[in-house]
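Presented sequentially are two complexes of chain A, the first with chain B as partner and the second with chain C.
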Partner chain A sequence: MLRFIGRRLVTLVPTLLAVLTLVFVLVRVVPGNPALILLGDQATPEAIARFYRETGLDQPIWHQYLSFLGQIARGDLGRSMINDRPVTSAIAEVLPYTLELSIAGVVVGVLLGVPLGVVAARSNGGWVDWLVRIVTLGGLSFPAFVSAIMMLLVFGLWLGWFPIISGGKPWSDPGGRLMSLALPAINLGLVMMAYVARVTRGGMLNTLPSDFIRTARAKGVPMRRIVWKHALRNVLLAVVTFTGLYFSVLIGNSVLTEIVFNRPGLGKLVVGALDRRDYTLLQGLVVTYAVLVVVVNTLTDLLYGLVDPRVKTG
Partner chain B sequence: MSAAAPVPAGAAGRTYRPGRTAILIGATIMAAVLAAAVLAPVLAPHDPYAQSIATRFRPPSAEHWLGTDGFGRDTFSRILYGLRVTLLTAFASTSLALVAGTALGIMSGYYGGTLDRWISAANDLLMSFPQMVAGIIMVALLGPGVTNLILAIAITAFPAFYRMARSAALALRGRDYIDACRVLGYSDGRIMLRHILPETMDDMIVVGTLWLATAVRTESSLAFIGLGAPPPAATLGGLVREGFDNLLEYPGLAIWPSLMILLIMIGLNLIGDGLRDSNDPRASA
Partner chain C sequence: MSVLHIDDLRTSLTLNGRQHHAVREVNFRIEEGETVAVVGESGCGKSMLAMSIMGLLPSIAVVTDGHVVLEGKPIERESERQMEAIRGARIGMIFQEPMTALNPVLTVGEQIAEPLRDHLGLSRSEARRRAIALMERVRIPSAASRYDSYPHEFSGGMRQRVVIALAIACGPRLLIADEPTTALDVTVQRQILDLLDMLQDDGRMAMMLITHNLGIVAAHADRVVVMYGGDMVESAPVRALFRNPAHPYSRALLASLPRVDRDLSELASIPGRVPPLTRLPDGCRFIDRCPHAMKICQALPPRVPVADDAEHEVRCWLHVEGSGRDASAG
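== the complex of A and B ==
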């Protein structure tokens, strides 16, 4: 197992390097002079020169590239172009909120999606199957901001069950924190639920006709146990893969969810950076998102090895 | 499932099965939506850009079916016009991604080797950015505007088509009939265009329909964040955004365009699901 983890971690390095290179290139091919954008059209040549010197943009490109990589390796994402705050601390401050929301969303999605998929496969073609179909169609059709707005209106405003502003309640108030997390997490979870339910249903339908299922039935194992233990164990592999794969969709949706529920997080930071044209902050955020996705993909692979021991030898 | 009598159809000899109800409902919805978009200038009771301070925030009435917004503009008319921008962006970006993804995917799969390695690596790289985040970055870098929006969404949709076409071409490459084509001296271009491309089309159309839905979602999401077509242009996501600013007082302004987006999404997903189910009813993953 350790060797498997080690091998997987080594492959992380070139992926991360490629991602960072892309970010570096992207930020530099932007049309328009960053100095003029930031300092305004009226900027004096001296001011522009100083700006170049301070941001290191007057150095040769390979020098910029190496110092960019070096900085990131040291965990330094530069300083905000607007308020000179270290980007790392701005991100670190809100990252827990986004992580908490994303994890809660995955948990909601898997806990609802797997059972839905199983009962749908059991009723294959029956009314339960159709019901699940309609539910998953809804889950896939709601853009995250639309479902968020509707939930906010119905459960927050009209019914008043949840707080409207799910601001950063501290963990010293666990009830309030969970209440403010509930609606955003459910909002993220609904899309995940739809994906997971469909994957589970498809996997179940493929697994149930297998020989080992027939053997188990012949041995007299109760159907309930066969479905939830023998068959589901095989399907979980696909569920893990797709959950990992759709994590990047979930991250995208978290941006919208955070905006609608006015939650602190990376999403709100992105919008703020866009509004103020804070390119260093934006660059730091893109790196953070990409690293997040790469890390989750790696975790998915590791989990894969845990669920199915055959993978490790591969 | 196996009880349903398979009806052979299509040149590929595939068996088509249920899923047609879904396609029918989805196609009806989309036909209505498309008609509304095309006929917007005829159907819209008001000029979508005409502002009037006297008629700000009017509730729905016979004059303004869905009320008016903070500039006194007719919400119903704005939704009809917003529909045009949203659908145009979605169709254009998906077509662009479909053509580019299919072309590069088939070439990658057919030629293999260095070309395949490089394009695949670039594609993997693209996929390590969440689609939404990639869209945000692209539009932020390219600047706002419908053309840039189309380009950005196309880039985020590219990997889906590329991977599909590549794996199809990879599987077909080793087939006897392709070898036969080579022996006959057909050029690579002719083999890819006439003998591989048609075989991949079924799958590409299914993926295309589902990604059309994704494109609508991405477009409206970007517009909601404020990266859509610049004002005063009406787009569905932009309308929701405008409504969201006054959500507590006038929830209708956000709800109506939201419902329109939802309708399009459901229509497209129904068609996509139905098409996929009629290809393979078991793998509706």
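== the complex of A and C ==
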């Protein structure tokens, strides 16, 4: 297992390098001259030249590339073009909020989605199946920001169960922090729940007629354990794969959630950076997202190796 | 007292809203230590019969009549609880396809230990000890160290040994083997069959052996049940059947075998195939392929028993009223 992890971590390096290169190229081929955008189209040639010098954009492209990589290797993403703050610290400050929200969203999605999918498959075509279908269809087609606003209204304002402004609470007050996390996480997790329920239902319907399920029944294993252990263990492989793929979508979705719930996080930072054309901050954010996605994919692979015994020996 | 008594069992399948009998009027017994082979072409209802006994029929199938009597007591198949208590404890079953018969994400040891814990209430460590002993008993080399292996680390023959180990774990009185060696190559086939013989002798276990292979019947069975289109058409001791097959279908089976070990999935001496369930004739189900078909065969299914001794039963109009099976030969 350790060797498997080691191998997987080594392959992480070229993937990361490729992703960073892509970010580097993308940022440079985006139409629009950053100098003109930032300084305004009335900027003097001297001001533009100074801008280019300060940002290193006057250097040859390979030079820019190497110093870009070098900076990242040192954990330096440059300084904000608006307020000169180090991008790394701006991101580091809010990253935990986004991570905590995304992870909580995944937990909600999986913990609700898997059982829903299982009971739907068990009832296959029965009323429970239909009920789950309606719920998941709702989860998929209802715009997340609408459900967010409704949840805020109902549970935040009218019932007063949850704080309306989330985030801000320190972890030294775990109850308060979790309460402020609950609504955004549920909102974020509902869509994922719908997908996970579908993946699980389909997987169960494929797995239950398997020969090995028949073997388990022939040795007298109670149906409940056949479903929740023998079949579900196999279906979890698909759920893990899906969760890994979906995590990057989820980090993206968290932007909307953060804004509606007025939570600190990468989402608000992105909107601010876009709004003020903060070129370096934006680049830093893209790098952060890219690294997150690569790391999550690696974690997924490792997890897959844990749940599927056929993987690690290879 | 017979270990198993199949008493007029009928199983029907609902296809397009209509019921069709996949198993009809099957009557036989298996005694302690005895092996009864069930033979017949593909689609004759052999697996349906086995699954009716196990209570593991697909949802479209249901036993409509008759009884499965286990050690003198009819099984209450309506009670899923009772069926769970019987399966794996008093009846074990092994299947045709060893490559897919084991759960790929559970260790083989865990899969063998599970019925020991369920049925015998053993502790985890006790079940582990017993499971390793079982693995040794089915001749899995270095059993203790392979307890924690996964099925994909085993060959087909070894997987079938694992399936056998978990089927006999709780010392069942009856073992149902549905084509246990069809998917294996010839040398492994022989090893597995010899293993089954040995295990059976140890425990005086009764065995119902479903097979396509008359060579296996000759070498390993005491009696044979021949099925056609869901009907039991003949039942006899192995030697009697091979020497003196009474039913035209049994004769065809034997005639199609210049060599006894050939497979009978294709019946050479009689053209045609087993008709699908939806097109089974009302009378004798073999009528379309029978060289001796008479008027009465069309009207009514022949009844049993019609034979001169109780050991040798045949369901065919040719043998009614002592017309004698020799008269019809030819």
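One rule holds in what follows: the second predicted complex is superposed on the first by the 313 of 314 C-alpha atoms of A that agree within 3 Å, B and C clash if a C-alpha of one lies under 4 Å from a C-alpha of the other, contacts with A are read in each partner's own complex, and residues count from 1 in each chain.
Note that in this section a residue touches a chain if its C-beta (ideal position, glycine included) is under 8 Å from a C-beta of that chain, and two chains touch if they have at least 3 such contacts.
Bear in mind that the values here come from a model prediction, so they are computed numbers and not experimental data.
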{"item": "Simultaneous placement of chain C and chain B on chain A, clash or fit", "value": "fit"}
{"item": "Touching partner for A:D308 - first (chain B), second (chain C), both, neither", "value": "second"}
{"item": "Partner chain in contact with A:R122 - chain B first, chain C second, else both or neither", "value": "neither"}
{"item": "Chain B versus chain C as contact partner of A:H230, first or second or both or neither", "value": "second"}
{"item": "Broader residue contact with chain A after superposition on the shared chain, chain B or chain C", "value": "B"}
{"item": "Superposed arrangement, angle subtended at the Cα centre of chain A by chain B and chain C, nearest 10 degrees", "value": "80"}
{"item": "Which of chain B and chain C A:V293 touches, first, second, both or neither", "value": "first"}
{"item": "Partner chain(s) touched by A:R79 [first = chain B, second = chain C, both, neither]", "value": "neither"}
{"item": "Partner chain(s) touched by A:T215 [first = chain B, second = chain C, both, neither]", "value": "second"}
{"item": "Smallest distance from any CA atom of chain C to any CA atom of chain B, in Å, after fitting", "value": "6"}
{"item": "Intersection of chain A interface sets (partners chain B, chain C)", "value": "none"}
{"item": "Of all residues in chain B, those that touch chain A in their complex", "value": "1, 121, 124-125, 127-133, 136-137, 140-143, 213, 217, 220-221, 224-227, 237, 240, 244, 247-248, 251, 254-255, 258, 261-262, 265-266, 269-270, 273, 282-285"}
{"item": "Residues of chain A defined as touching chain C within the complex", "value": "210-212, 214-223, 230, 233-234, 237, 307-310, 313"}
{"item": "In the complex, chain C residues that touch chain A", "value": "54, 56, 80, 83-89, 92-93, 95, 97, 100-107, 111, 114-115, 118-119, 150, 152-153, 163, 166-167, 169"}
{"item": "Residue ranges of chain A in contact with chain B within the complex", "value": "15, 18-19, 22, 26-27, 29-31, 124-125, 137-138, 140-146, 149-150, 152-153, 157, 198-199, 201-203, 205-206, 238, 242, 248-249, 251-253, 255-256, 259-260, 270-271, 274-275, 282, 286, 289-290, 293-294, 297"}
